[in-house]
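Consider the two complexes below, in which chain A is the common component and chain B and chain C are the respective partners.
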Partner chain A sequence: MSDPRRSLARALPVAPAVVLLLLFLAGPIAYCAYIAFTDLQLTGQAHSSFVGFANFRTAFGDEAFLNAVWLTLVFTVVSSLVGQNTLGLALAALMQRASKPVRTLTGGVVITAWVLPEVVAGFLLYAFFRKEGTLNAILDALHLPSQNWLYTLPILAVSFANVWRGTAFSMLVYSAALNEIPKEITEAAEVDGAGGPRRLWHITLPMIRRSIGTNLMLNTLQTLSVFGLIWVMTRGGPGNKSQTLPLFMYEQAFQNSMIGYGTAVALLLLLVGSVFSVMYMRLLRTEV
Partner chain B sequence: MRPTAARFRSTSVLTALLAVSLAAPTLTACGSGSGSDPDTVKISFKQSTDNSIHVMDDYLAGIKKQFEKENPGKKVELVPIKAPDSEYYTKLQQMLRSPKTAPDLVYEDTFLINSDITSGYLKPLDPYLAKWKDWDQFIDTAKAAAKAEDGKTYGVPDGTDTRGLWFDKGIFEKAGLPADWQPKTWDDVLAAARTVKEKVPGVTPLNVYTGKPAGEAATMQGFEMLLYGTGDGTSDPLYDKGTKKWVAGGQGFKDALGFVHTVYQEKLGTDVSQALDPNIQTIVRGELLPKGKLAIDLDGSWLPQDWLQGSGHEWPEWSKELGLAYMPTQHGQAPGKVSMSGGWTWSIPAKAGNPDLAFKFIRTMQTKANAQKWYIANSGIAVRKDVASDPAYVKAQPGIKFFTDLVSSTHYRPAYPAYPKVSTAIQEAMESVTTGDASVDKAASDYDEALKAATDNQVVQK
Partner chain C sequence: MASTLATRRTGRRLAADTGLLVAAAAFALPLVWVILSSVDPQADLRVKAPDGITLDNFDAVLKPDITFTPLLNSLILCGGGTLLTVVCAALAAYPLSRFRSRLNRPFLLTILFATSLPITAIMVPVYALFVQVDLIDTMQGTILFFAASQLPFSIWLMKNFMDGVPKELEEAAWTDGASPMQSLVRIVLPLMGPGVAVVTVFSFVMMWGNFFVPFMLLLTPDQMPASVSINEFFGNRGMVAYGQLAAFSVIYSTPVILLYVLVARRLGGGFALGGAVKG
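Coming up: the complex of A and B.
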């Protein structure tokens, strides 16, 4: 069994894939981690040098960085945890009871938002929220006060945009999960006299717990790295009122030419992502 | 199940093939750098993000034709980069980092050239310039524009620019202001704007670019046009040449911020959300001015290039509808007027494959006839003495004389390597007084902090 030649032979077909992964995935990541510890600049510097943790120290003393961390958390909680996740579950539950045409129509509309390229979605929502945009036209028609949403409430506007774009994914995940709940259990609960909210809390949620965990994890990680949507809508402005970590990173690395610092921020973003991941992994592991 | 030898071999052959076919495109892609073909010169330049504007594309296409005819067997490949200013710089710098992607000739903003020289991206042109007699025709200030701290020259300027006040004569008439308006102080400018606000509702009285979204336009057309008009005008208010240090925000700096603050708090400017739109320059040049919605615009000499025949936003009547005035100093102190100058140069990357051919192309672009054609096409200000004194050039466009005369009293930015970061710090200070997030004093002290970070503490109080 432990013939080394045989296990080598078995490993051989996998080798090209492993080499390619190392070369094109692990390679850049390692290079990125290295750059984060240098003061590499895109312009204005003859030689870069190793600076240890200086970039990280700068980040934690930088008000703009802390602001970006805070906005990233707000953006993630509002748009991913509360928005996409809850709305996706509600839509999936409602659609289970809806008639077929309603289901097809709703599903179609929601998924359209999801398949649109990020930049197109960003532009559509920019057109919706801007001063001369659709939302204000509707508000004017209803004689309600209108305002420039991208200027007064930028982080909420981009959060809404992300909800609009990403809910379809949660909805699909939850539709699949809800279909897996055996009818007998729900019916038994109904016979026992459990009302809607109690059935949701005691039957549905525990039974789709794993799907919730997976969905939260995928949603959060995707939301943490949203760039195009915000860039198109506000460029992180006005000031830095909607500047989440990916936008801050872009500004530092490419507009201020500080590649080393920008890369360090990217690593910190990775850290934020892994904190969320660990939380969800724990949620997944707990048995009912 | 144990795999048979034959099957085993076919799998590894397959994977080997797969690996080769995956690697092949990446390997061949390495061969497409500028050095691959000694007979092709690759040229990168900034293409306008407005599709109807193709002034530079047309001009370069003409030069390419002439060059290929005069140099049989040689080819020119244009590699346009379509991006707003700040993204153009970034893309170009990334291309310049590797011999595989570096073009043979690039269009460099003098704003950034010292920074790129420090990075070792560009090649000194002195050996070429020494053998090129037309170089003597360039005015000294232009020659200095691309001269680095090491005394070498890294670029051939294709013109310069100056700045002043554009005003709408139609709006001025309605507001009861003179058609030959020439303010003497900042207060005169503000007074005119207030009159417009009161008497002609529905138009923006005064545009001063501000904030990070407008980028270098906010710093140079906006802030520096104010700052260089404070004090006695003898020393650079941003950079102290004696100590080689950057100057912290003094009274002049605060007064300039105060001006911006007044414009936006009194609502004399565009709506704040519009002022902070990244496309504000396109809006001013393409919409507000041509449609008679803006009374006074503090802006550059190049505006008419957007309004020329064939440029996309034709507006030949501009010279009758717009007037020009010098930007005054703060209290009207000598020399009475302010202008800033910048411009672009043609440079050869250090990693270019065909530098000799690239310089040959510069020489074709910079014959007197071709240089003159370019200055007129892009509303540039001539930096060649023979063109500047040619009556055909002076008469080619209204406004050329006004802006060319400003060259004698203009200022140049201290475009040292730290300048781009200093410029960002200025834009942040402007933005915070524009939105009203910070008082002038707070914005100035924030600037001092940002300046220390941007320049490695090379700051001096004055």
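Coming up: the complex of A and C.
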């Protein structure tokens, strides 16, 4: 430890990773923080100039941006906080009691949806929600009103698609957490006459609260950066009715050639992500 | 008392089984559609019994420009990226796991922080940067970025797996004069085979399915991996041949599903990843 040459030799294997991370991750983040304050455009401009907070002022006065913020919020709450999280917990809880073949089958199906490439998942759910798709076929069979989901409720359609694709992760995290609760505790409560909902609220949830925190953070971060799924299903449309922040950022930077403005939006997304990231680290604090 | 508890338990198992089967059926619908449509000569958008079984859809897409070139590109990009990620992560994890240093904690915290950053958000600046340093539209540029974006989580996983290999085994090798590099390659990595497999498969699966990174960093159609080409190819045709689209989806998804099954089998249940990231 006292010999600097020896510590240097020991640290040497870290070098390739550090170089890659600095060049391709830290570099772009720093560059992002820089061009967010310029008026850089995609083409036909020799010099970009520093414009201070102009991009951010534009953003907060831009209805399309506020629309994207709102949709991102809806998308995150519906698909991540409510959908994946609750459904994942419900599935994990049911799996604790179900018979093995059913457990294996359900796990297999849900995990397959998770492992599929993003674009394929997008196509499958596009087909499912289309006017001529499976969902409407089922609704017709049940004599329920059908509609063109991707036009009438696009943000809900993509949110459900994200639930379909992402629930497996929550299910795995919660299965691992529930397996660690000692059987005696739940059994004792059962003998004492505590019903299902009360057991869940007073015993199970407090015991897995760390996993809930971790899962919520990671789900939210994953959901904030969803691009391909929405792109394939709706391209953010119709109009901008399913345009979340990543799609808005892409449109501004490339279709409208406003790299500076697009990057300012990206920086905001990055800041929100960082806040969640720091919260996640605090949860894991004891493990490092 | 005991008997009522037992009957209640059986009842509950039935209820749980029913609930899970309903959920499984709902999750399975889109999967059933893609499989049935891929062999259906008259596929449309809803789940239905195929009008006969045919392999024509597969025949139609198994051509160089639709399937082989994009899959080969995917393989080069994801194979290259995964190799780079795993090698760099193993090297970086070793000193972090084995030697005490004041820098370990800040480094690991930074890594953990980077793990959860939304990579999507930095793609616009990465594009702008790649244009300036001439890495745009190159395979190597995309591979390097893939590796960098997957590194934080891989280092984190690799370090946790490495901590599970007892240090005593190496100490014997050190007294025999083995260098740290020799003991990493000859002793530690072989002992953490399943861990290395998890990191490898996880990185590969993430890259194989990634759409946004190659969509942004590659421009030439010949270089596009399957994740992007499938979208361009089918999206730009007025009338979509759903059967062919389904067949291509099946071909493109099979490798990652097989890889996942392989790793899940070896680790007994596939819950290792859930365990590795648990709080």
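In this text, the second predicted complex is superposed on the first by the 257 of 288 C-alpha atoms of A that agree within 3 Å, B and C clash if a C-alpha of one lies under 4 Å from a C-alpha of the other, contacts with A are read in each partner's own complex, and residues count from 1 in each chain.
Basically, a contact is a pair of C-beta atoms (placed from the backbone, for glycine too) under 8 Å apart; a residue touches a chain by one contact, two chains touch by 3 or more.
Not measured: the values here are computed from a predicted model.
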| item | value |
| --- | --- |
| Chain B versus chain C as contact partner of A:P16, first or second or both or neither | both |
| First (chain B), second (chain C), both or neither touched by A:V109 | second |
| Partner chain(s) touched by A:I29 [first = chain B, second = chain C, both, neither] | second |
| Partner chain in contact with A:V82 - chain B first, chain C second, else both or neither | neither |
| Broader residue contact with chain A after superposition on the shared chain, chain B or chain C | C |
| Which superposed partner A:Y151 touches (first chain B, second chain C, both, neither) | first |
| First, second, both or neither for A:L8, with chain B first and chain C second | neither |
| Partner chain(s) touched by A:Q41 [first = chain B, second = chain C, both, neither] | first |
| First (chain B), second (chain C), both or neither touched by A:L66 | neither |
| Chain B versus chain C as contact partner of A:L200, first or second or both or neither | neither |
| Chain A residues contacted in one complex by chain B, in the other by chain C | 13, 16, 20 |
| Interfacial residue positions of chain A with respect to chain B in the complex | 6, 9, 12-13, 15-16, 19-20, 41-46, 131, 148, 150-151, 235, 237-239, 254-257 |
| Residues of chain A touching chain C in the complex | 1, 7, 10-11, 13-14, 16-18, 20-21, 23-25, 27-29, 31-32, 35, 40, 87, 90-91, 94-99, 102-103, 105-106, 109-113, 115-120, 123-125, 127-128, 130, 132-134, 136-137, 164, 167, 169, 172-173, 175-177, 190-191, 210-211, 213-215, 217-218, 221, 224-228, 231-232, 246, 249-250, 253, 259, 262-263, 266-267, 269-270, 273-274, 276-278, 280-281, 283-284, 288 |
| Residue numbers on chain B that touch chain A, as the complex places them | 2-3, 8, 11-12, 15-16, 18-19, 22, 86-87, 89-90, 93-94, 112, 114-116, 118-121, 212-213, 271-274, 276, 278, 417-418, 420-421, 424, 431-432, 435, 437 |
| Residues of chain C that touch chain A when the two form their complex | 5, 12-13, 15-17, 19-21, 23-24, 27-31, 33-34, 44-47, 84, 87-89, 91-92, 94-96, 99-101, 103, 105, 107-109, 112-129, 144-145, 147-149, 151-152, 155, 180-181, 184, 205, 208-212, 215, 226-228, 230-231, 234-235, 242, 245, 249, 252-253, 256-257, 260, 270-271, 273-275, 277-279 |
